[in-house]
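Presented below is the structure to which this report refers.
A, B and C are the chain letters, set down in written order, and residue numbers restart from 1 in every chain.
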Amino acid sequence: MKKFISILSVLVLLPLFAVAQNDGGIVRADNSKFALTNAKIYTVTNGVIEKGTIIINNGIIEAVGANINIPGDAQVIDYSGQEIYPGMIDSGTRLGLSEIGSISEANDFREFGEITPNMQALTAVNPNSVAIPVTRVSGVTSALTMPAGGPLPGTAATISLFGYTPDQMYAGSKGVVMNFPSSAQRGWRRRTPEQIEKARERAQETINDAFDKAELYAKIKESDAARYYPEMEALAKVVTGEVLLYIEVNSAKDITSALEWVEERGYKNVVLTGVAEGWRVADEIAKSGFPVITGPVLSTPTRGSDAYDTAYKNPGLMQKAGIKVALRTMDTENSRNLPYNAGFAATYGMGREEALKAITINAAEIMGVGDELGSIEVGKKANIFVSTGDPFQTSTKILDVFIDGYKIPMTSRHTELYDEFLNRTPGLNKNATKVDG
Amino acid sequence: MKILRKTLFRLIFILPLIGLASSLHAQSDPTGESPATRTFAITNATIIQAPGKMMEEATIVITDGLITAIGKNVNIPSDAEVLDGTDMFIYPGFIDGMANTGADRPESPERPDNLFTPDPPNYYAGITPENQVVEQIKVDENSIEAMRKVGFTISHTVPYGRMLPGSGALILLRDADHPDKLILSEGSSLYSQFSGAPGAYPGNTLGIMAKFRNLYRNAELSKSHSELYASNPTGIARPTRDRVSEAFYPVIEKKQPIFYNASNSLEARRAMRLQKELGFNLVLGNLQEGWDLADEIKSTGTKVFMSLELPKEPKDSKEEDKSDEVKRLEERRMEFYKKYVTQYAQLQQAGIKFGFSSIDARANDLKNNLLTIIENGLSEDEALAALTTNAAALLGISNMAGTLDEGKIGNLVVSKGPYFDKESQIKYVFVDGVKYEYDLKTGARKAEDGEANPAGMQALIGTWSYEFTTPQGTQTGKMIFTNESGMLSGIMTSSDGTPDVDLQNISFLNNELTFDFSIDAGGQSIDIVVEGVVDGTSYEAEASVAAFNVSFPIQATKDEA
Amino acid sequence: MIKTSSLFILFLCVSALHAQTKKGDVLIKNGTVITITDGTLENTDVLVRNGKIDRIGKNLKAPNGVEEVDATGKFVMPGIIDAHSHIAGTSINEGTSQVTAEVSMEDVVDPLDVSIYRALAGGVTSIHLMHGSANVIGGQNETLKLRWGSTNPDDLRFEGAPRTIKFALGENPTRGGRSRGIQPQSRMGVEAMLRNTFSDAVKYRDAWNEYRSNKSSRKVAPEYSLRMETMVDILEGEVLVHCHSYRADEIYMLMKVFSDFGIERLTFQHANEAYKVAPELAEFGASASVFADWWAYKLEVYYSTAYNAAILTKNGVNTSINSDSGELIRHLFHEAAKTQKYGDLSDNEALALITLNPAKQLGIDNRVGSLEKGKDADIAIFDSHPLSIYAVPQMTFVDGVKYFDIENDVADQRIYIDPESTVENVQIFYADDHDKCMEGANVVNFYDLFNNK
């Protein structure tokens, strides 16, 4: 931890413009012992504490409750009238991997090749990506950041949105991403059903071959003579269940096929992602017992013949069928809209409580880090945010964010530009004396 | 009056034919191909002179290209070849309102160096209204025989091209040694379509609509200018020659209609919008979605040739446990299929006298499509009218074609059994008095074009190495053909890492191998058609990219097994 | 120009022939009426007669035969206006040349696009169907009312709305220049192209004016150019310019060019960096139509802030929030609400961003954008305050005709169906795909076609 702090003092957290409230100064994250008092606390797993206290120490929630003794050395912050929630988890993003969408040099989520499960998203996460502070000041504290591309594009990682190295950000969960062969259209390109079917069959063959090999490799890899084969090594961990398999699959037909495929292969540690048409086959998914990461909720329907609100309703319908659902934005710079995706899901059938779980505890449990993230409980990582009210409500402000126990500076590129330009100096006339207004 | 008209006829049409005949007489015919006589009599036939006007056990006589007698008691000329018309039904030759029949698709225009200007060269932009379709017509174009075989005798043929390819002509679908001899009349239309120039202005509907208006307005100004100058050139700037504008003069004078290829309802409305703004005479051709347009067509007085292309009838899923949603969607799809097939009857009932056009249809599908249209409410008489009298009226040739009357051109369809019976077959087609005879099929169906021939397939099965030459260099890779339960299947791989593509519509007949495939180019799907001949283990072909109107050579050799 | 061009008069005649679109009568009872221009009125009724707002008041009685809608507990607001949309168009970009002022989106209106109904279900009643941003001077746009259900594009036209045109600065047009080896390849070139084109237009106008004032019967007309006609119409203020722009410097440049040519009305579209030159925009009187929070998808939007709309509003710039997307258009009320998180705009300020302010930018604020007696009855009803995340649109009216009613919502809204399509045609939504501004603009060249790029 000492080392961490020394690194912190060397690296400058937020460069750029002079910020109005601390001209010339640099705001640093603070990992004192904190006592957050008098707030309405949404623990998610243990109900709501109307007026409670949280003690944060050493990155961990040390105590939470209505009647908590406040340690003498704690920095006390009175949050009367405010609400505290576990930090939101975006279960699908390219945070850290993509800086500027249209510039290929600024994107690192796609590697060449069809079978590249050994490509590690975590390696390419840029801890200083401008999008990260923009995201976390909105209360999103963790994210699954995913590679994209061919049938098996790489390994995704769950990250904390604070830290100066990928390892400082790593939140303890990895999973191999697989794009299940798709029978759906995407983009502007129009393909005939025959073309789609042929492509789907070929992709299926590619995937099957890869996993056949991986199953064999899993059996022989302990042998000294086993060849160096990093692709298969990565897949073998899926076969043995050591790492998660995130299966991106969207159309109803493909979801059914994916479930059959998983059952045939007998893989256990599986998460379905995307699942845009999950509501059509919700019972089948529920029966499989596999959890789902779905979103963006703010999407157009998958079919021209669908009702206008199918994408809004999809998470609620799946949840009601008994599926464990987490939500994602599948965005990068606007991962901050996660609470609004949850808000729409809540409005269109999921309800507020379940929607909140879908961006906190469900997400954490699905990624296998439910004992560390996703709720306000003693012993869990101190990832929380303080808000003026319901975080789904668009007008709500996020007042403070704590990640891994650090109180994060509530500034980002967006707030800094606001502060600089709301009343620009000089205004219209460079030579005019500034009159304070 | 009638006599006068007849005389004029003879002057216009028979004189050239006499010339033709005499030139044939000038030497013997060692090929043995020329007919022994140009007089024919079909006896004891059922003759449908015009829709709704039928004569049984009647005779029709054709002499030197014209119908010279028709009726029950007709003198058969002594030099006539007499054909027994028992069980035969004789109809006026069909008239195609808009097609490329007889025209040969020209080489794609070369890409100019400076493509990205507001006004690329006209030849590339597709603005060539001064062109005549006769320049594209080839006497041995396969489409002439293909359309004749199914009963068409006159085609309003329009040129290939882009936005304004040129003017169309009425041609007779007969044999000839020179395109001029097919021409019934030239300048029948100024042909226009919504096809943009690849990568150049006008690239799509947006540019085409604007460019059309701009061309039209400038043609009007240019016309006034020329007329002013012609009246007295003194003091007037000499007009520069502008063949594009000049091509519009007859349109502006309403002596020539604009034929707009408008397959869907939005295109049809756009064409009518231009007509309303600019005031020319409009004919819509190739209309495939007209069910919502009856009022609009009637109120604007637009003439219409409906397409003879129909969508395939949707096949509902056979699954027994299909969801209510699927059932509902299938019902709606069927409802729309019905709109396509019933619109003909609906437009006819709305009082629109349309003809038919074949430009987007395959000749072999035409009869089936007609039968489908009839099953869906259009009477046989009305269908026949659309094929004959309506089309003749819309094209302004009612005085020479469209019915079987004395003095009209000898264009006949002779079918065994009533033509609109599913089982009927065409026995003869007469075009311009020239007889074409077809074998009647009996019993087993022959394999249709496009079906793979399992016996010959073996020559193709296997891996071929290809080389594809484009202006940007050469691409190589493999084509792999396989036999999948009697059907040919294939993929194309590329040595530069481009993803594999599936080959579609593979046809391998008489050593002719054709297939197509599409590739993804920047989010846009580009279709490429490959046609060529297999000779042992080598394949020489041409790959054409319709979207760009270009083609490139492609060679392949079969790898050793 | 040239006194209204003859074409334009013809257009008017054409639309006059078709102008008989449906008009409705309805009495909306006892709602919370958000007028935008006259406060928010509790327990208030809105009476609509023949497509117009006839009265707003308490305890209004429904005239004979007029349908009554009970809005107790509901919120009644002006129909939402999207100042930047690409739904309902069969083509978006004529991107084949850098100046295509003559082309017009009115020729490619697609009344069959299901996105229209989906927008209605988000309370939207009017859209500005824009040409794309591939060229410096793009095509003319078309303002539409979402009269869903007709197959005739003319039925959707916002009759009487001023003509508008799309311009584009920055990366999009310079990318076109670079890929083709022509000007402009830089923001310098963009300015030069604008100045050249306007100078040509001035010459063109002079030539025609001279021709028109020539009394001789033996005069010869100059060449006619629909492109220059449109440019002259811009100079004369008859066509309003909506300019795709991002960076502050290019926004500033265009204001200078317009000042030099005497063009007064100007709206910047996207304008992610408009906040940096807010005082200059306010002084010019230019408007901005922006995204609520989009940024970082390209270099020129990297230095953006979601506080853009708030900074502009507080600096006195007429600002709207638009969608540019068939997805976002369905929840513009939510996009507007983000200005309360990012910059503390009041309810009325936030809602004006999607009603009155875009109406002003499109020159239709005399007809729509607020609930006022005499205005068109383009109305959206929500079950809770439209800025709330929990708000669900209930009904949407255009000209007093109800086009969306959540109680009678039919899933399959397609107007035309391809009989050869499969029943289960699935299209997966990816956020990356939905910036349609450049659709069709990526001209495929042979190099791209045959090289694996």
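Definition applied: contacts are C-beta pairs under 8 Å (C-beta built on N, C-alpha and C of every residue); 3 or more make two chains touch, one makes a residue touch a chain.
Nothing here was measured: the structure is a model prediction, and the numbers come from that model.
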Work out per-chain C-alpha centres and flag the one nearest the whole-protein C-alpha centre.
C
Weigh B-C against A-B on C-beta contact pairs and write down the one with more.
B-C
Centre to centre, by mean C-alpha position, how many angstrom separate chain A and chain C?
34
From the mean C-alpha coordinate of chain B to that of chain C, what's the distance rounded to whole Å?
42
If you average the CA atoms of chain A and of chain B, how far apart do the two points sit, in angstrom?
58
Spell out, as numbers or ranges, the residues of chain C touching 2 or more other chains.
412, 414, 423-424
Where in chain A do residues touch at least two different other chains?
187-188, 305
The positions of chain B in contact with two or more other chains are 329, 332, 523-524
Complex contacts: residues of chain C adjacent to chain A
114-115, 117-118, 121-122, 171, 275-276, 278-280, 283, 293-299, 302-307, 310-311, 314, 326-328, 330-331, 334, 337-338, 340-343, 387-392, 409, 411-414, 422-434, 439
Quick check: in the complex, which residue numbers of chain A touch chain C?
99-103, 130-131, 182-188, 193, 250-253, 274, 276-277, 296, 298-311, 330-334, 336-337, 340, 343-344, 346-348, 392-397, 413-415, 417-418, 421-422, 424, 427-428
Which residues, counting only chain C, touch chain B once they are in their complex?
7, 10-11, 13-14, 90-91, 93-100, 102-105, 107-108, 110, 112, 131, 139, 151-153, 176, 180, 182, 218, 220-221, 223-227, 412, 414, 416-421, 423-424, 440, 442-453
Which of the residues in chain B come into contact with chain A in the complex?
329, 332, 500, 502, 504, 518, 520, 523-525
Considering the complex alone, what residue numbers of chain A touch chain B?
187-192, 194-195, 198-199, 202, 305
